[in-house]
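Alright, structures below, take your time with them.
Here come two complexes built around subunit A, the first alongside subunit B, the second alongside subunit C.
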Partner chain A sequence: MDTLKVENLHKRFPVKGGHHIFAVNGVSFSIRPGETLGLVGESGCGKSTVGRMIVRLTQPNEGELLFEGQNLSHVKKKDDRRLRREIQMVFQDPYGSLNPRKKVQDIIAEPMRLSGEKNKEFLKEKVVSILKMVELNEGYLDKYPIQLTQGEQQRIGVARAFVTDPKLVVLDEPTSLLDIRFRGEIVLLLKKLQQETGCSYLFISHDLNIVYQLSHRVAVMYLGRIVEEGEAEQVFRNPLHPYTKALLSATLLPDPKQQRQEFFLKGEVPSPLDLSDSQCNFSARCPFASEQCKNCLPGPVTMESGHKVSCFLFHEELVKTAG
Partner chain B sequence: MSEKTPAIQVEGLTVKAGEKYLLKDIGFELYSGDVLGLIGETGSGKTVLIDAIGRNTAPGLSMKADKLCCFIDGKETDLLQKKEEELAATVWGKKMTFILSNARSRFSPIMTVGEQFINILKSNQDMTDKQAAQKVQEMFSLVQMPDPKQNMNNYPHELSGGMIQRVEIAIALAMSPKFLLADEPTMGLDVTVQRQILDLMDGLFKKSSSSVILATRDLGIAANYCNKVLVLYNGEIVEFSDVHSFFENPRHPYSRYLLEIAFVSNDKDPKAKQRVFRSQKDKGMNGCFCSGSCERAQEECLTKHPQIHLFSDGSFVRCGRY
Partner chain C sequence: MKEKIKNSYLFLFLKTRPLQTAGLIITIFSILMVLFGSYLIPNSPTTGISGEQLLPPCAKYPFGTDVNGMCVFSRTIAAYRTDLSIVVAGALLALGVGFPIGVFAGYFDGKKGVCGVLSTIILRVMDVMQAFPIFVLGLLLVAIFGPSTRNLILLIGIANLPGNLRLARSEVMTLREKSFVEAARTAGNSEVRIAFLHVAPNALAPVIALLSVVMGFGILLIAGLSFVGAGVRVPTPEWGSMIASGGLTMITGQWWPSVFPGLFMAVTVFGFSMVGDIITALIDPLERVVFESSRVAGQKG
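Entry: the complex of A and B
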């Protein structure tokens, strides 16, 4: 059974004057136990909103969220605490996500205390063991967040997420505010933790290099929709959707010998305000756009490799091969 | 490629906040056409260095240098001794301009970007309103603003981060400066916007052969847009070399570590090095901050602060092992 199954998720935010921001528009995907799904896209694509709906910080307008078969929109009181232990989150701002007035040991123990755990001995033991898992020693127990480096702060954020033995951790841009050397360290730590615990990750990020490093599968979002999805290797080596191609060609490798790929995309992501669902929302910037793209929303097509893409370029291909 | 004419020379630049060193003994040389990638973590001193060159060191900090000068039309201009008024009249905003990250905070929210740009132009050059407005439109087209005519009448809050950054770049380039200092100019921008802006700047630098100092935390940016690299750590120079040598054969253990950890992101090799870098700077030792993690470290690395070793090609590294 899938750890997480998301079906046709929608979220819109009303704006004065009868308008709406269409943040998430029909997103579907699933995550298997022990698997990492990388959710990539630029600002405004809705990826963070998807993450927040999964941890129930906000409710979807439409669609289903199933965690191990259980519907997250109708959670009974008796299941609420358990689900909060099993689905955890790591945030983007390493310092901002920690209570500056609490010591490290209290920050990490808090999720367990909120779950009803009262035994002080057990709490202390668990905190020390989680600190060890994130490669920090007991000397950190009495420190305050301000005394830690960015990398250490984010390790505490990770420790706090893992202390309840979660089955799914949503990571919302956990490395984008970190300096270079801390990014790599956190990536290695997350890999190690997944190997040790078998936890699933929803890894939300705009940093393709890091997503590639951690993810088994990747979904690319644009203006609230998934435009491409597949095995990380497939999507990165053989991107199909023009937007995915643009994203990958924008990436800069730390290697001066390799000529950087030519980048063809112009302009910026348009606003998700009053977004239309009767056309491909990328068509205005797409070099391959045709009349069809401006009049109709392309649905997902599954290629032989299992790679999914929502683009009319591929609808035609299938029609050609079928006919 | 043009002959190597010196552009910026810095020697013994030190900035202190009381007793604490924010920058210690910084020295390097740039030639015209050089694009220097200034690499360092938060707190390494990148911004302090850029501020110091622009004589914009925050009040309360002390700045001194043995030499700080730039070369305009072959003539040496002392940036340290000259009076601020003189430099403001001849250098800043004209020959030497700045691009900062978080450009939005530099704009007045109650005036349109067009008005502000026109004011800046007129304060630097003798121009009529009409001439200035014309120039603004030209520059807006150059930096690929979506609608130059309309954008002139926009207020800063009406423009996205990417667009404000383009306006900032347009202002910095309007006077065809010989020197450009950019402090993380694309930080916080979407990757596709960042790429457009960097490609744009790259094209403009190449045309004008200005000298650029580009502070960044992103090794990808340094690798693709710079021809020289200067690494700072905790206010001191760690390494200075050309970009190819730096990425192919970094000399300092800190540089090597940064490159390893950056490549970790590109390489799914499960056997990738797992060592964690522990800086010794907080232990109050006088030695090298890498002495705990460097495989070449010896006794003296723990106690003796390493000096700069200069190589014949002009590159240098702060390491006692050379």
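Entry: the complex of A and C
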């Protein structure tokens, strides 16, 4: 069974004057046990909102979130604690996500304590062992967040997420605010922890290099929709959607064999205010846009390799090969 | 033991902060005066001797005598107890009531549901309270209940409640946007728990620091109320009323009945505000780290 299955998820935020911001518009994907799904896209494309719905910080307007077959939109009181333990989150801001007035040991122990663990000895042991897992030692127990370096702060954030032995961890841009020298260590740490615990990751990021290093599969979002999804190798070596191509051509991948296509987009991301679903929202910036793109929304097409793309260019291709 | 004190944060902090140290000494002195002042005074603070009015400072009367022939020194010392007990009780009342309500109003401000509506109502009530002149309220209370210490405590509490509440509220409103609040939410805390266990402790430092200002302001308020007859009545020793009555004789050259209590009042208020600094430094881990790192840097340099 999939660890997480997301089905046609929608989230709209009301703004003044009866308008809505369409943050997430029909997103579907699934994450298998032990797998990392990288969710990439520009700022404001709705990728963080997806993560926030999974950890139940906001409620979706439509669609289903199934965690091991259990619907996350209607959680009974008795399941709430268990689900909070099993789905955890690492936040973007390493210092901001730690309560400045609490000591490291209390910060890490809190999710355990809230899920009903009262044994102090056991809590302390657990905190020490989790500190070792994130490559810190007992000397950190009584420190305050302000006394730590950025990398250490983020390790505490990671430790807090892993203390309850979660099955799914939502990583909401955990490296984007870090100093460049701490990014690598956090990525390696996350990789190591996944190997040790076998948990699944939803890795939300706009840093394609880090997504490439960490993800098994990648989903590319544009204005609240997933435009392309596939194995990381497929998406990075052979991008299909024009938007993915543009994203990749704007990034330097640390691979000398990679042929860089010169492919740049014109214009800005359109406003997600009162978004229409009767056209491809990328059509305004797409060099291949046709009349069709402006009149209806392309559905996802699955290639033989399992690579999915939502673009009319490939609808035609299918028709051609079929004919 | 000695080593332990020498290396304690408070000791090291005070060593580099002469003003705060002075403030702490003044405040300790004030507390001692509240407790033992009545044993130190040479003359009765409440009985005047006729024929000895408005004597300048001399051996028998170190600060002279006032217009009623009462010893200004004895009255100034005895006033510690009157003023400080009123002001401390009033300030704690404002803090104890204002802080939790302020945290609530700040955390639920603009949110949906009963709590959101309640926080709006709280704020509007504060607007009304702040718009109502505190002096009129004081006179009203005196008219109904007669002048008493309890009324003054209540008045200082009410006068400072909106300020305390608003400060706590605005602190909480910035804090609630931090991602540690979301982290607490994903860990499974209820909203009320987040507001009071996670956000409130972070909002406490500035409100405690305000406490000393509140106490200073409280002493001035008592003085004002005593002047219009809504505060403490003569012969109860109280700095405000002493300054007020002594002010009348200033013009004729007898400065001592009001200058001495004024001086004591100013010094005491200063002491409080410095203690506010010390408390902030003690309870804020950020201050502590900044202090320690600057100390280490200083030693290296």
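In this text, the second predicted complex is superposed on the first by the 313 of 323 C-alpha atoms of A that agree within 3 Å, B and C clash if a C-alpha of one lies under 4 Å from a C-alpha of the other, contacts with A are read in each partner's own complex, and residues count from 1 in each chain.
The rule is simple: a residue touches a chain if its C-beta (ideal position, glycine included) is under 8 Å from a C-beta of that chain, and two chains touch if they have at least 3 such contacts.
On a predicted model such as this, the values are computed, not experimentally measured, just so you know.
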When the two structures are overlaid on chain A, which partner does A:Ala289 contact: first (subunit B), second (subunit C), both, or neither? neither
Per the contact definition in the header, classify A:Val75: touching subunit B only (first), subunit C only (second), both, or neither. neither
Just checking: does A:Met303 make contact with subunit B only, subunit C only, both, or neither of them? Give me first, second, both or neither. neither
Look at A:Pro100 in the shared chain and tell me whether it touches subunit B only, subunit C only, both, or neither; answer first, second, both or neither. second
Taking the superposition on A as described, I'd like to know which of subunit B and subunit C A:Glu110 touches: first, second, both or neither. second
Just subunit B (first), just subunit C (second), both, or neither: which does A:Leu66 touch? neither
For subunit A, which residues lie in the overlap of the subunit B contacts and the subunit C contacts? none
Along subunit A, where are the residues that touch subunit B in the complex? 42-43, 135, 150, 179-181, 183-185, 187-188, 206-210, 212-213, 246-247, 250-257, 260, 263, 265-269
Report the residues of subunit A in contact with subunit C in the complex, numbered from low to high. 55-57, 80-81, 84, 88-89, 91-93, 96-101, 110-111, 114-115, 144, 146-147, 157, 160
Show which residues of subunit C lie in contact with subunit A when the two form their complex. 178-180, 182-189, 198, 201-202, 285-286, 289
So in the complex, which bits of subunit B are touching subunit A? 41-42, 144, 146, 160, 162-163, 190-196, 198-199, 217-224, 243-244, 247-248, 257-268, 272, 274, 276-277
